[in-house]
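Each of the next two complexes has chain A plus one other chain: chain B in the first, chain C in the second.
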Partner chain A sequence: MKIDVSPSLQENKEYIQNQLFHSSDLKWRSIQFHQLEGLIVFLESLSDQQRIQKEIIQPLEENKEGTLDKIITSVNITRKSDLSQLPQALVQGNCVLLLEGTADAFVVGVAADYKRSISEPVNEGVIRGAHDGFIEHLITNLYLVRKRIENPNLVARYYQVGTESKTKLALLFMQNLANPDLVKEVDSRLRSIVMDNTLSPGFIAELIEDKPFSIFPQILFTERPDRAVAHLMEGRVVILSDEDPSALILPVTFFAFYQTPDDYHSRWIVGSFLRLIRLFSFITSFLVPALYIAVVGFHPEILPTDLIYTVKSSIDRVPFPPIVEAFLMQITLEVLREAGIRLPSRVGQTIGIVGGLVIGESVVRAGLVSYPMVIVVALTAISSFVAPSNEISTASRILGFPLMILAAMFGLIGIMFGLLFLLIHLCKLESFGTAYFAPVMPLRIKDLKDTFVRFPIWSLNQRPHDPHPKSVSQERYSRGWEHDDPGTE
Partner chain B sequence: MMIPEQSRITQGQFMFFVIQSQVGVGILTLPHKMQAAAKGGGWISTLIAGLIVQVIIVILWGLCRRFPSDTLFSFLPKITGKLLGSLLGLAYIGYFLLSAGTILSFFAEIVGKWVLQATPRWALLLLTLLTCIYLVKEPLQVIARLFVISSFTIIVMVLLSLFGYANANFTYLFPITDAGWGNIIKAANEALFPLVGYEVMLVIYPFVEGKSGGKLKAASVGNMLIVLFYTFEVFTNLVIFSPAIMPAISEPLLYMLKGFSFQIIQRIDLLFLSLWIFIVSTAIASWLYMASVGLGHFFHRGEHKKAVFYAAFIVFILALLSEDPSIIDLYDRILKTSHYLFVVVLPLIFLLFSYLSKKRSALTR
Partner chain C sequence: MKRMCITSTALVVFLLMAGCWDQDLLRNARLIYGAGFDLAPNGKLLTTIVIRDLPQSEQQSPANDIIYAVGNTPRDTRDKADNQVSRLLRSYRNRVILIGEELAKQDIYPILDVFYRDPKSALNAKIAVTQGKATDILSLKKVGNVLIAEEIDELIKSKEKTTSIPKVTLETIYPAIIDPGEDFVLPYLVRKGKRVDISRIAMFHDQRFTGVLSPDESTMCLLLQARMGKITSFTQKLSAQKDHKGSHDYITFQINKSKRKMEVLVQPDDQISVTLDLKWTVGVEEYPKDQLNDKKMIAQLNQHLSKAMTDLAKKTLQKMQEARCDGLGIARQLMAFHPEIWKRQKENWGSNYQKVHFAPQIHVDITKKGIIN
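Our next item is the complex of A and B:
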């Protein structure tokens, strides 16, 4: 409902005060402009008072000729004739200028920026490469991305979600690469969000992802601008949100969760090796306990004879079946991990001692758990922590539980059916029209160059096909100096 | 008929679909049967069987080609009239279900014999079928994706079998025509049954992209690869086991793998069996898919998803009943007859019929 700005200063002041319920941080200052009485209104918690002084009060005091918008030096100044819009402008950190007898109010952008400095994200460290990370400030994050792609094709679209919290989001994409259908789909899903309060990017991810019941994360979270940029250049879209350092990247495939910028900063053989190690540890992170249970419980003859004796002698002292042992240890591990996050780092060492020594050693001495099981669980934990993304790491450990049950019931056969089930699930998953397990399912041999291994950069002539980019070719003859005539193959 | 995007598959996927439908339980027992019937010439019989299958594939293709946008169930009424067509369609569904049930039952028997001696049979059947249901209720594209990827297990199986050549004795093969050409050809007849599964063409043909020539090529290449794989396995077993031992072992492939071991893994046969689970499950899924497409066509306006659950239940009952060897024998005999009927004789008749009726309609027009 529109309410006209009243010519009377007092009435305007009362209206604003009532709308903000006489909040204590609402401040006023009287001014004089060309013999007119005026008022500057702002929230001291959100506005930068030095800027108000410099950009509004000083120019006014100089009393130059001209209208207000000419005199005030601030970049961002708008006229508003609707009084009801002013409270919203105030809570966004603007300052409102009212003049006696004038039907317009001036809204001047003088929001204060309190933000931490750009630093490397703690949970996504790299050995080589850029060490900056996103922070809790949308504009800075946009800056970090734009600085890396100085190209007019990079588009940012702002959104406001949350009817009460009014969280600001920015959707970023490359106009010349991202598939327009994808952008349209993301746009419509973001617009359709109806919620009081969208606190974090996690909310957004949960609201727009395709299969909310799947255990696999379908949207990649990252705090690294270089990672976001790399995905933008493959034709994906990135969603940044204000007040949170995580960027959402979509659509992604399963393999994106196992890639890090490090792969591209080291030599390609090293990068490929590390990537293979990571994917291998994905498999071990859920398969090892199940395999152990199956082998010990059903098919000990699969192991070499000497090993059977060692394992058996250790197991015979334990009163529980392997499945109980495994569950006990796995859950202990999860508890330890969770405790490790909550505790401050100074106390963290205690956890290491309690977890490593007391539980690891004593539990075996007490005959509650066998030695091989401790090894198995430790292996599982370590391999799950290899994953560069926290979401997939947790998911892979949770996957282990149903497989353990299957292994305890059906041995190796159960595990195979579990894996088949998993594979079917991965076949089914699609996010934003992209197959989740691409390029393996559906198979696309060309894209395998940068999936399990990383081929040399100069051989990756095509972008990955999974986000259906507008243009597939990304380079040709990157080592041009080797060719005398780059026109022929 | 409009084919929705999600149901369309490429010709490559079609090839793997044929492969996965064909490889089933037969592979384990085939060498034993071949040796019994054709001695050292067993591998030739397998090749001959492959050629026969190729001819059948051409016949089926010729039939499908006449109805490029119809599945088996929707073109049958067009050839034979509505009532007879629907009845025949139901008969085909029965054939598909029985095939799935028989494969499942053989599978449970072998797993029970080799790996899980103490596990109740119904639990194993249930586990297999639940996995299949989870797959089959999806659109064709998803099924095809899985079939492509699980075909790689065949390569691993071939690699594992290669170890056998460490103690191969090629003299076991000779004289190749020991059993006589008559027996070799008779054995080829026997080898037809492990190769069944190409019938899937009848159902998924309209969903494949591209021209009919390409589709024939895809199906033929798929069949050829499988025949080569089977021939390779039969040949391997023939050169490893002496003719005297062979009659005593019903699953020579597994015995062979049981014989050798790596440093860490002592039982290669278990590894092989685990991979084989992928192959068998996909074969069962394929039959189940064919049946539920049919049931969906008749009872759910083309939505095969709704039919999957009770189709699987029927398969479960069929497999459960067949614990008795006499019943599985009965299934086997029914299947052999119906195979000739449903895959060779009827399609040939339909093909002739559709040619004639087309001519007639061309004349009247």
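Our next item is the complex of A and C:
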């Protein structure tokens, strides 16, 4: 509903005051402009008062000739004739300029920028490579991306979600690479969000992901601009949000959760080795406790003779069946991990002592848990922490629990069925129209070059096929100096 | 919603009904480490079971618990033994099976049947025949500081490497047991005071124990079978004269490579003759006389050793024939290459085998002399 700006300053001021419910940080200042009474209205919490002084008040005092929009030096100035839009402009950090007898109000952008400096993300550190990370400021984040892809094809689209909180989002994609259907799909999903308050990118991810009941994360969170850029260049889209350093990358495959920028910064043999270790530890992170339970509870005959006596001598004194032992330790571990996150770093050492000494040692001494089980649980924990993405790391640990129950009930056959179910689920899972388990299912041999291992950069002639990029070819003959004739590889 | 209800009910029911039905907790197991079978009076079976018990604390060493049970069949005796121990007697990690001499003279398959039938039984357990009763050896409990069953297991493993006894497990003798084309040989355990000696071979014919070979003959038997282990050595007296005494008159050599060529020939009069050509390259391990630089000396030694070894082979084969043990698988060769002969002879193969003419020939060639020459 449009309300015209009243010629009377007093009426306008009262209207704004009422709309903002006489909030205490609402400030105004009277001015004189060409003998007209004027009023500057702003929220002192959101506006930069130095900028108001420099960009509005100073030019006005010089009393130059010309209209207001010409005199005011601020970059961002708009004319509004609708009074009802002014409160919204104010809460966005703008400053409103009203003049006696004028039917228009001027909205000047003087929002304050309080932001931390760009620093390396704590939970996504790398050994070599760029050490900058996204921060809680959308424009800075956009800058970090744009700076890496200086290309007009990089498109950013702004969205506002949250009917009350009005969170600002930016959808980034490469016009010449990203599949238009994908962009359209993401666009429509973002537009369809109806929610009061979208606090974090986690909300966005949960609102737009395909299968919210799946244990696997289908959207990759990252705080690293280089990671976001790498995915952009594969034809995926990135969603940045204001006031949060996490970028959402979608659609991603399972294997994207096990890639890190480090793979590409080190030599390919090292990178491949590390990636194999990571994928191996994904398997161990949920399978080892289940396997142990199955072996000790159902199939002890598969243990070698020397090992069986070692294991037996330890578990003979334990009063619980292996499943209880495993749950006891796994849950203790999760509690310890959770406590480790919450605890301030100054008392963090306590966790080490309590966890390592008290739980690890005493529990065995007391005969509550056997040594092999402690080793199994420790192995599980360590291998789950190897995952570069926190989402998949937690998911893999949770995955261990149902498998443990299956193992305790049916032995190895139970594990087999559990894994079968898991594999079927992975193969069936789709995210934004792309297969989640690509390129293994559907199989595309060429894309395997950058999944289990990382082939040399110069051999990755094609982009991964899973996001259906507009253009597949990404390089050719990158080691052209080796050949006189570029026709032969 | 209804479907969800039905599926979840079904799941819960399946889990609760079926849960843990074939659980076999390691914690509840008493693990058999070795077992011995003997004849008991009145045609019964005496089974001796060795259980390895684990220490309650890390300082103590493990101990053996030995249980005796008399019954009609191995399974029967095991069930009776289970009645005498707490928790469950489990045999999936059994390492050795010993069969007493008297029992082995009968058909041994009925004793082993239970092991082949149980899917969880340890088929890689070693099997051996004992001089006297198996229970006497197992009752030793300890040899030195090592528990008896463990000692036998380790001893068998190490002697397999020195080509003293054949490499057999329950699994590998099964084909030989059911195969009429070949007889098997097993290690033969002898109790020497408080120790166990394993250096001989027990020969079998038709699943029955029929004779024993001496240590040298055992090694020769394995070489004739082309089943050489990692280390094979002989110590041979050099001169025929009796007045030469002391270690100067002996040579010890190790066989580096043995190549066997066996041929089964049938004469028109159905006489079966077998030629066995063995070519050995050997290294001298001990030879105090030390004249190995001399080529003539080496040739002489080669000749001497070849002759001595051929004699040993002849003696071995003769013993095997006496025991009717067709360890070389001559019958199998006949089945494959002379089926009509086999058809005529299989009825009475045991005695026909004794008529087979063996012509072994061993060539010894000294190639290594050690580092002092």
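Definition applied: the second predicted complex is superposed on the first by the 486 of 489 C-alpha atoms of A that agree within 3 Å, B and C clash if a C-alpha of one lies under 4 Å from a C-alpha of the other, contacts with A are read in each partner's own complex, and residues count from 1 in each chain.
Criterion: a residue touches a chain if its C-beta (ideal position, glycine included) is under 8 Å from a C-beta of that chain, and two chains touch if they have at least 3 such contacts.
Being a predicted model, the structure only gives us computed values, none of them experimental.
In the superposed pair of complexes, A:318 makes contact with chain C only, with no contact to chain B. By the touch criterion defined above, A:427 reaches chain B but does not reach chain C. Contact with chain C, but none with chain B, is seen for A:408 once the two complexes are overlaid on the shared chain.
By the document's definition of touching, of the two partners only chain C reaches A:309; chain B does not.
After superposition on the shared chain, chain A has more residues touched by B, the comparison being chain B against chain C.
When the two structures are aligned on the shared chain, A:443 is found in touch with chain B, with no touch to chain C. In the superposed pair of complexes, A:270 makes contact with neither chain B nor chain C.
Judged by the touch definition given at the top, the superposed model places A:298 against both chain B and chain C.
Common to the chain B and chain C contact sets on chain A are residues 298-299, 301, 303, 305, 409-411.
Of all the residues in chain A, the ones that touch chain C in their complex are 296-301, 303, 305, 308-309, 311-313, 315-318, 321-322, 408-411.
Residues 15, 18-20, 22-27, 29, 31, 52, 54-56, 62, 90, 92-93, 95, 120, 122 of chain C touch chain A in their complex.
Chain A meets chain B in the complex at residues 298-299, 301-305, 409-417, 420-421, 423-425, 427-428, 435, 437, 440-443. The touching residues of chain B, counted against chain A in their complex, run 12-13, 111, 115-116, 119, 123-124, 127-128, 131, 134-135, 138, 141-146, 148-150, 263-267, 270, 273-275, 277-278, 281.
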